[in-house]
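The first chain written gets the first letter, and so on, giving A, B, C and D; residue counts start at 1 in each chain.
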Amino acid sequence: MIPPVCTPLTETLDVDVPSLERLIDFLLESGVNGLFVLGSSGETAYLPDRCRRDVLEVAVSRVAGQVPVLAGVIDTATLRVLDHAEAAQKAGADGIVATAPFYTRTHRAEVEQHFRRIAAGVDLPLYAYDLPVSVHRKLDAELLLTLARDGVIHGLKDSSGDDGAFRTLVLATQDLADFSLLTGSELTVDSALRIGGDGAVPGLGNVDPAGYARLYRHAQDGNWDAAGAEQVRLIRLFDIVRVGSAQRMGPSSAALGAFKMALHLRGIIDCPVTAPPQIPLNSGETGEIRRLLEVAGLL
Amino acid sequence: MIPPVCTPLTETLDVDVPSLERLIDFLLESGVNGLFVLGSSGETAYLPDRCRRDVLEVAVSRVAGQVPVLAGVIDTATLRVLDHAEAAQKAGADGIVATAPFYTRTHRAEVEQHFRRIAAGVDLPLYAYDLPVSVHRKLDAELLLTLARDGVIHGLKDSSGDDGAFRTLVLATQDLADFSLLTGSELTVDSALRIGGDGAVPGLGNVDPAGYARLYRHAQDGNWDAAGAEQVRLIRLFDIVRVGSAQRMGPSSAALGAFKMALHLRGIIDCPVTAPPQIPLNSGETGEIRRLLEVAGLL
Amino acid sequence: MIPPVCTPLTETLDVDVPSLERLIDFLLESGVNGLFVLGSSGETAYLPDRCRRDVLEVAVSRVAGQVPVLAGVIDTATLRVLDHAEAAQKAGADGIVATAPFYTRTHRAEVEQHFRRIAAGVDLPLYAYDLPVSVHRKLDAELLLTLARDGVIHGLKDSSGDDGAFRTLVLATQDLADFSLLTGSELTVDSALRIGGDGAVPGLGNVDPAGYARLYRHAQDGNWDAAGAEQVRLIRLFDIVRVGSAQRMGPSSAALGAFKMALHLRGIIDCPVTAPPQIPLNSGETGEIRRLLEVAGLL
Amino acid sequence: MIPPVCTPLTETLDVDVPSLERLIDFLLESGVNGLFVLGSSGETAYLPDRCRRDVLEVAVSRVAGQVPVLAGVIDTATLRVLDHAEAAQKAGADGIVATAPFYTRTHRAEVEQHFRRIAAGVDLPLYAYDLPVSVHRKLDAELLLTLARDGVIHGLKDSSGDDGAFRTLVLATQDLADFSLLTGSELTVDSALRIGGDGAVPGLGNVDPAGYARLYRHAQDGNWDAAGAEQVRLIRLFDIVRVGSAQRMGPSSAALGAFKMALHLRGIIDCPVTAPPQIPLNSGETGEIRRLLEVAGLL
């Protein structure tokens, strides 16, 4: 269970270091197995490089080797990703997570080159990040398998929501010792684990890491009914991402805003602000998130 | 006529400064009215920040005030764009060009906030850049008009290929003294000028700036038949972007590769290399580009 | 100038034959060069086959050979299109207009087969209809040229809004004697004609056929300033399609609803109803359309 | 377990009635719980109305009440769907299955009206069919819940591949007695059933109905390991849909071609032909499908 860590910000849009440290402590104490900083939930694409650096330094230093720290190296194309990858290596991250190129208009053969060059450029395990809603392309199984078999990628964070493709990959990579398949879904973690997935990277894991840690332990124990019950509770909690009005804001504002507001209401982070141009939740929406946290037993 | 300047690179993927200076001189001597550096044709999304800085410095210094220099500030969201905008201002650019956020999943109201914050953050005219094939959203006329009337944006580079929408904007902005409508099309520049467009930003203008400058002068003179004949010649030349095989490479590789190869064959830049993960043209494709340049009278 | 004829309906959702006859007379008297029935503006995809048959019969009989009647044969795949094509031939249409397959998930080679089989199946000229907003694919120039050179298609109705691609096709088909390039745009007809397009199929031509006929005559006479002025007037009139609130209805309801309401207000058709599930304009929206018609001198 | 029945065709593209009867018998004997005719796997969008009628008549007559027969009523908009729905009712179908409108450009409120009008128009239970790859829109949970609570729809065939959304719907419809959630996935049936889904409509169920029937019985018995093992076997078998080369054909040709070829090789249907413009599998591809059937123990 590797939550994609939110990036607490101050009102002046700097990284809120004490809040980030509290969040990391909170996640570690809840029993997570690793941290993924600078992912989509970390607002990476919204943050300037100086914030990215701050997050990396704080995370590596605060975690202090207790669990692996994976670092997102999200950017439009290879050379820019390589710069982030070098920064991650220098900061002491344990692995990097890269998407296919975006904005740029690339061929599948170029996506393959992209991952190969990134892997060759740093001395860290590389994880592919499949996020079609942002990247506007799906990483296909055949390409992922080629990269996995050649040792280019050591795992996949699959946020495509396509559980059939995920399962096909599970079967196809059974013979690969050192390959991790992580679902990015909040909603189907028990199913993903049951069919042989290695773990999950759920954004909602910021808000209720203990819940996902319990789910994971139940799954490890083969106690699928308990895992399922925990999953159902978390699905209900996930309603917080639908509180922000789609008339007023985009899906990032609603989801990341909800995660941060929940962390704020739970007393973990000082300020629920999200990076511009995201639109904040209003007081009615905040009240509804409070209510959902109470229903979930988290307040 | 404001070509989006290509970024010549060395084999080691640094900015090739002498080649960039020669390219700028070549464009200026051909009679262009401005330069747009760090646009899509400049491979901006492929280049690390250090290359972006180099391009800006070289361009501002080499142009030395002869024509305005517009700088692309393309990035995923507001704070990152603002960093580029500040760099552009510091470097002495005359204007900046920004897309809507991408990768991030934003609401129309957030796109509006994005442009407002960028304009407020720097003391340079801001141009909106509409490029749906990369940004995966079209800037709608109503939003652009609101931003134009409020003085947030001073113009639009319209690379949407939607000439009906472009024309509707021309009519709707007739009463705005200080607003420039520039088409990003290579193929319909005469039509765009005839219906009241202010100019063009054609990538092919790197290869044949004199041709586009002639087209523009003919249009200024109301000599539409001559403008049309020049446009037809340039449409035929534009076939160079279809030389690179779509089986082997993406549209960026084919188009930017063709522009750079043509500049190389014309003796303007030393090396036709494009930034990774773009795939180079092979020798057969290079030969075909040579042939098309000869047909166009450019070799 | 070949307007895509609206299909007037009764309140009980049958074809309103007297209104359709009046509309056809109105169009013919305005000097159009042909009629395209059962296109998107004819609500073809909303209408049951019996309505399609009625429209064809009424149109062929009322036109009585004064101008050619083209018939849309829009459906999901080849065999269904062939049934419509046979019905069109039996009814006496002068040509048929087909899109690529949709809903079905086809390869480019299958799109080619689709057009070849349709052409082989009936003894009528076949026109390709490029409408990416509905078909979710763009017909590429290379495919169209192959089909044109092989005599499979005799023309194209290009509603892709991509004027650069349209122009490239104009140049590429100059040597084809019997090939017509028709723009489906309401907004760039003068430009399309000036660059060598053969005609236009503007939905707004239902509402102001005389305007488009004047535009066309001006273009024939080489009087481009007059053509442009007429075009500008028509662009302003086209605002009627933006009256229906996007909060309440889809783009079909707004556009087809506006065309029909305008025809109703002008006294041509009895009833402005559109086929379900389209949502009708409300009284405020109707008033605004009336106002825009008055501004355009059409009431 | 309700397979979406393939439509065997003769070389002359009529419905092959004896083959369809054999296929129905084969499915019934394998223990399926219902049949869904005229779905996507039935090539409905490729078939003329006369073929649709033949399929309905043969299916209702051959099944003779042993299991429910659901009929697809797939078409572009409401009135056309209603015609199919009336035909289904007349033919004696037990339920109808409709998508949102497609090709036509509709608002969410219009999609809602569409389903309401269809339900009001016939005296048969209506199932919503969510197939974004064909319809180019996802039916959102809120709309589906509204329609379910109002008794407009009695179930959903979810072929969106979005198992998180499916699960959210399972939870949200737990209090609705008469609502069936069916997954259209071939690959995650055991997971769908375990989390509370009511059944599955797998296209591959044509080829190995006994396998899916076993999977379903294991799930009913709570024997999830056996269900999982069966599912894994079926995932491997599903590789047949990837045999047809994506260089030569579209995904329909590959998938439906593989299902029909497998049924032909298994001796159930006489002829593997698919409707035009689909492209047939070649002999190498046929051999590979034979091999995969042998591996699965089906030959």
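Assume contacts are C-beta pairs under 8 Å (C-beta built on N, C-alpha and C of every residue); 3 or more make two chains touch, one makes a residue touch a chain.
Given the structure is predicted, the values throughout are model-derived calculations rather than measurements.
Participant: Tell me which chains count as touching both subunit A and subunit D.
Facilitator: none
Participant: Could you work out which chain's C-alpha centre is the most distant one from the centre of subunit B?
Facilitator: With centres defined by C-alpha atoms, farthest from subunit B sits D.
Participant: Taking each chain's centre as the mean position of its Cα atoms, how many Å separate subunit A from subunit B?
Facilitator: 35
Participant: Rounded to the nearest whole Å, what is the centre-to-centre distance of subunit A and subunit C, using the mean of the C-alpha atoms as each centre?
Facilitator: 48
Participant: Counting only residues that touch at least two other chains, what does the list for subunit D look like?
Facilitator: If we look for residues of subunit D contacting two or more partner chains, we find none.
Participant: Once bound in the complex, which stretches of subunit C touch subunit B?
Facilitator: Listed in rising order, the residues are 161-165, 167-168, 171, 185-188, 191, 194-195, 224, 228, 232, 235-236, 238.
Participant: Please output the residues of subunit B touching subunit A within their complex, sorted ascending.
Facilitator: Contacts found on subunit B: 13, 45-49, 51, 74, 76-80, 82-83, 101-107, 109-114, 117, 133-136, 246, 248-253, 275-279.
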